[in-house]
């Protein structure tokens, strides 16, 4: 009672606001929840099972596998599942305090390389699966994780280069970073998909997915570089001087002393870049790839399930939201924890 | 700097090798497969089925070339391309044939570094409208909002047509055809305009297809056909003659079903030359005498292809119209094989 | 040496293109466009040049960005401040807004708004109507328009300029001043004889008047609601960065809450907010390129879309497009830096 | 006249598990000058901050001019208009000039016209002996000058009561003097004051009564003559001996 009075009805202006909001919520939420849950169709397998006028979740359930795997052949989907487990496993090494960050990073990169070969089936006895068949959430994750993995080493070099004392290196790195940060991702993707072949020898073709990955990683690399640079700037001069006094050269100083500290500082920033990139991968649908959003959009034109755009978009929204929100919580958690450490 | 200096020779090699043209035929033979650029999904021309196999007349044309060159229609890798990527992919040798519903125009032939090998389908841009608008002719479309796909001649033809007839229109241009359809379906436009074949295909994707009608006017010439890269005449000839072989076979009455028996026992010299029991047309192409026969065995003659994918045996039910043979009132005419 | 290398590389690429029979150079900008564009701020017809089509696209990009920046700034500040509201419900609602919007991809939101807008509106023949002047349907929002001669444009421009000056100049009665300016502007307007054009239903669509297309509306809504969430977070961080003592001092002086915000907290929070705001403005401008997905003729859609498809000159076109965005980014950054130096740093320099 | 202007009755205040005020009772009559002292963490600042509701109380009652602070926002508003406060950290608005700092509240909350407010600002700046600094920004001034501006800012609201929360603790020794001078002048003018300070000199010179707090409790309350010469409790003696040693 006391709480309600203080927080909702403390003055007449406040009361009015409260009432207005409540009315608005009632007006918007009730029909929404009704459509989403109460009168929605959950069971069945055919279009005719959706007759109640609520959301038709039957369609999502029917297409769920495709939303996850795209056109990846059904009998080979175990590869995707396996690699997802391997990737998650190696990522979780970061949370295990007995494994050093360096080892965990190495494991993640190793699992990515294994993952690529397993999924494509190249250089192994598995039947090859062309990347154009990849799609859905799997493609979204490949683009995000792969793009980041390719971008990460570049980003570190760029960040170091931007702080370099050699003018040419510094100018080059600064220009490179600012160029990619100054243009929209969509033009980068256009560039990668249309212009990249120009730099290759005749007849050699780069896989379309690989091209998108290169585009994504150039873009992500520039943003990551700035995040890492922030971490480098936070390292006190004394650390450099101490390392120099111990006779470590530039690269050793960076590798053993500066980078480990700098990267730990910017973990929240890195995670935020991951979230941004995860959302930005949706842009590949404009260059004709079927990522999670792309495949949902494509399925909206399916004869059987026409007119279910709202369900498709709402489902996509919920999934993206759930993933991004948990990642951002994680980032905030780490930030708080490291702040308490510092104090 | 050191890195750059080390990279320089590599760049030089890359660029130097970019200038040389290895024969496409040799490349294809050594790779054992043809890479074929197709559309990203246009029923009747090239569209993936539930298992990811590419179905359609464009796709089958590539299979025919594969049968001619490599002996098997299965030795094709399909690469779905957007219009934007299509020509660059061909220019830079990522694909060996572009067999996608692209229009043969003078600019494309001369400025884009590609050569069209012939015409597989005589198409023309048309209009689809809702029946409820009670429009009978495209001449009544003054002031209409028109949904079109970016990246083909569609936009240009559209504006030419409206300019010629002194009508106004408002273009709503999307990057992908799925989005064009979605917008038309949502009522954003009065008119959906694209190649007529495409209209028939897209109409299938509408909830109630018979509520929409395709107007009689064809406002453009859209000769669709396979294209190859400029500068490799041998490969160009192979692709072009594969197309002629398919059309020629129909004229000669050679079908997928009867080619087996015909190649053994026929006295018709034209057919004998076609199936390779007489003459050496194939040798000149850098192939063997049985080349044309393999094309027909693999996919059938042009008429069979048409009816299977576009005509009465398909869901599209497009009438042959201009795509009949020359001696039946159409435009398809194959030079003689001799 | 780097530059020499780059020049050499570029030269090679163009040689390659020539070898392959691909046209190169910027000559295509002068050739006739031959296609139509639905929304254009300047005169454009099919007979105009491709170069002009470029300007149409660029102006549309700038239009969307400018509207988006204004809207998202206003909304962002409102929601950022709402998070400190004493009304629990309002504060929660602000949090929910921010956390929902910023965790869903923008492209998805654009699609959502576009099809939501299209679906909720009737066809042209069943338009919602307001006094025969305004019409709303799924082809857009039609309003009467004014056509002005050059003199009229000059007057309009000067009136707007004066109005802006009136706002910038900190005077107590600036609202009154502003109204006076606008009223006199309107008067001059009518006096010089501006021509009104009314929308009317002709055939199956409206013609005449001015129209806001659904694409523009959806894009602006999506861009500004999305950016609002980020700006709200920045505003919140800015407000949190103001020392508690400042608010305590203001409240012991019995300043009303509104004035505490307006005169004490916000001016100081701006020092933190403005540099971060720059990034959001840049992002919004870059994100406006997603217009290509819903048929709004912005720079990417017109130039890197239609023109690229027609001419096939990928290098020139992508190059120009990127250069334009880079220029816009750098100019916004520069303008915000100047603004930052002039206002936000007031009082901190010795 | 016997009615106290500030009445603090058995006030308790907790910060989490820490008890800052433990049943404090204090009455201040009009024109009276109270100095609150005690070791750090004894709750002195909290007490003053409770008087104008910068902190809420957990139990007990505080009235200022017979207005109960617990009554709600309006009551607090009314009280704050008559109570000025000076902080340890000055809390001047760094983005406004000295003059703007002084004029803001009179214009915005008392509704004075700008010219009247400026007149008043000039008058009080003269009172604190820095009329020449009106156009400067706070950060361009020395600490002592800033604190004097803060005092002038509070005075511009023409309060009946002034609260000082360790006004000299953040200052260099040489600056302390100029601030103390201003406070002493105010005291001579008959203003009701409650001042938290470690400056025993100030306490001795101007206080009518000294209140000694420890661990949130009032240990001793006495006129300065009595307080310094004959403290009653041991805790006070201990405190005094420590503070007066240097």
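In order of appearance the chains are A, B, C and D, and numbering begins at 1 in each one.
Quick note on the criterion: contacts are C-beta pairs under 8 Å (C-beta built on N, C-alpha and C of every residue); 3 or more make two chains touch, one makes a residue touch a chain.
The model shown is predicted, which means the values in this text are computed figures rather than measured ones.
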For chain B and chain D, the touch-path distance in steps comes out at 2
On a CA-centroid basis, which chain has its centre farthest from chain A's? D
Using mean CA coordinates as chain centres, what's the chain A-chain B distance in Å? 38
Which whole number of Å gives the spacing of the CA centres of chain B and chain C? 42
Could you work out how far the Cα centre of chain A sits from that of chain C, in whole Å? 27
Mean-CA-position distance for chain D and chain A (Å): 55
Enumerate the residues of chain B that touch no fewer than two other chains. 1, 18-19, 84, 88, 91, 175, 182
Residue numbers in chain A touching two or more further chains are 10, 168, 190, 194-195, 198, 285-286, 297, 309
Could you tell me which residues belong to chain D and also touch two or more other chains? none
Within the complex, chain C is touched by chain B residues 1, 4, 8, 11, 15, 18-19, 83-84, 87-88, 91, 108, 110-113, 133, 140, 142-145, 147, 150-152, 155-156, 158-160, 162-163, 168-175, 179, 182-183, 186-188, 190, 229-231
Would you tell me which residues of chain A are touching chain B in their complex? 71, 73, 130, 132-133, 168-169, 190, 193-195, 197-206, 208, 285-288, 297-298, 300-301, 303, 306-307, 309
In their shared complex, chain A is touched by residues of chain C numbered 2, 13, 16, 85-90, 93, 99-100, 102-108, 111-112, 115, 282, 286-287, 289-290, 292-293, 300, 304, 308, 314-315, 318, 321-322, 325-326, 329-330
Counting only contacts in the complex, chain C reaches chain B at residues 1-2, 5, 9, 12, 15-17, 19-23, 34-38, 46-47, 115, 118-119, 123, 138-139, 202-205, 207, 214-215, 292-295, 297, 301, 305-306, 308-312, 314
Within the complex, which stretch of chain A touches chain C? 7-8, 10, 14, 17-18, 21-22, 168, 172, 178-179, 181-187, 190-191, 194-195, 198, 275, 279-280, 282-283, 285-286, 293, 297, 309, 313, 316-317, 320-321, 324-325, 328
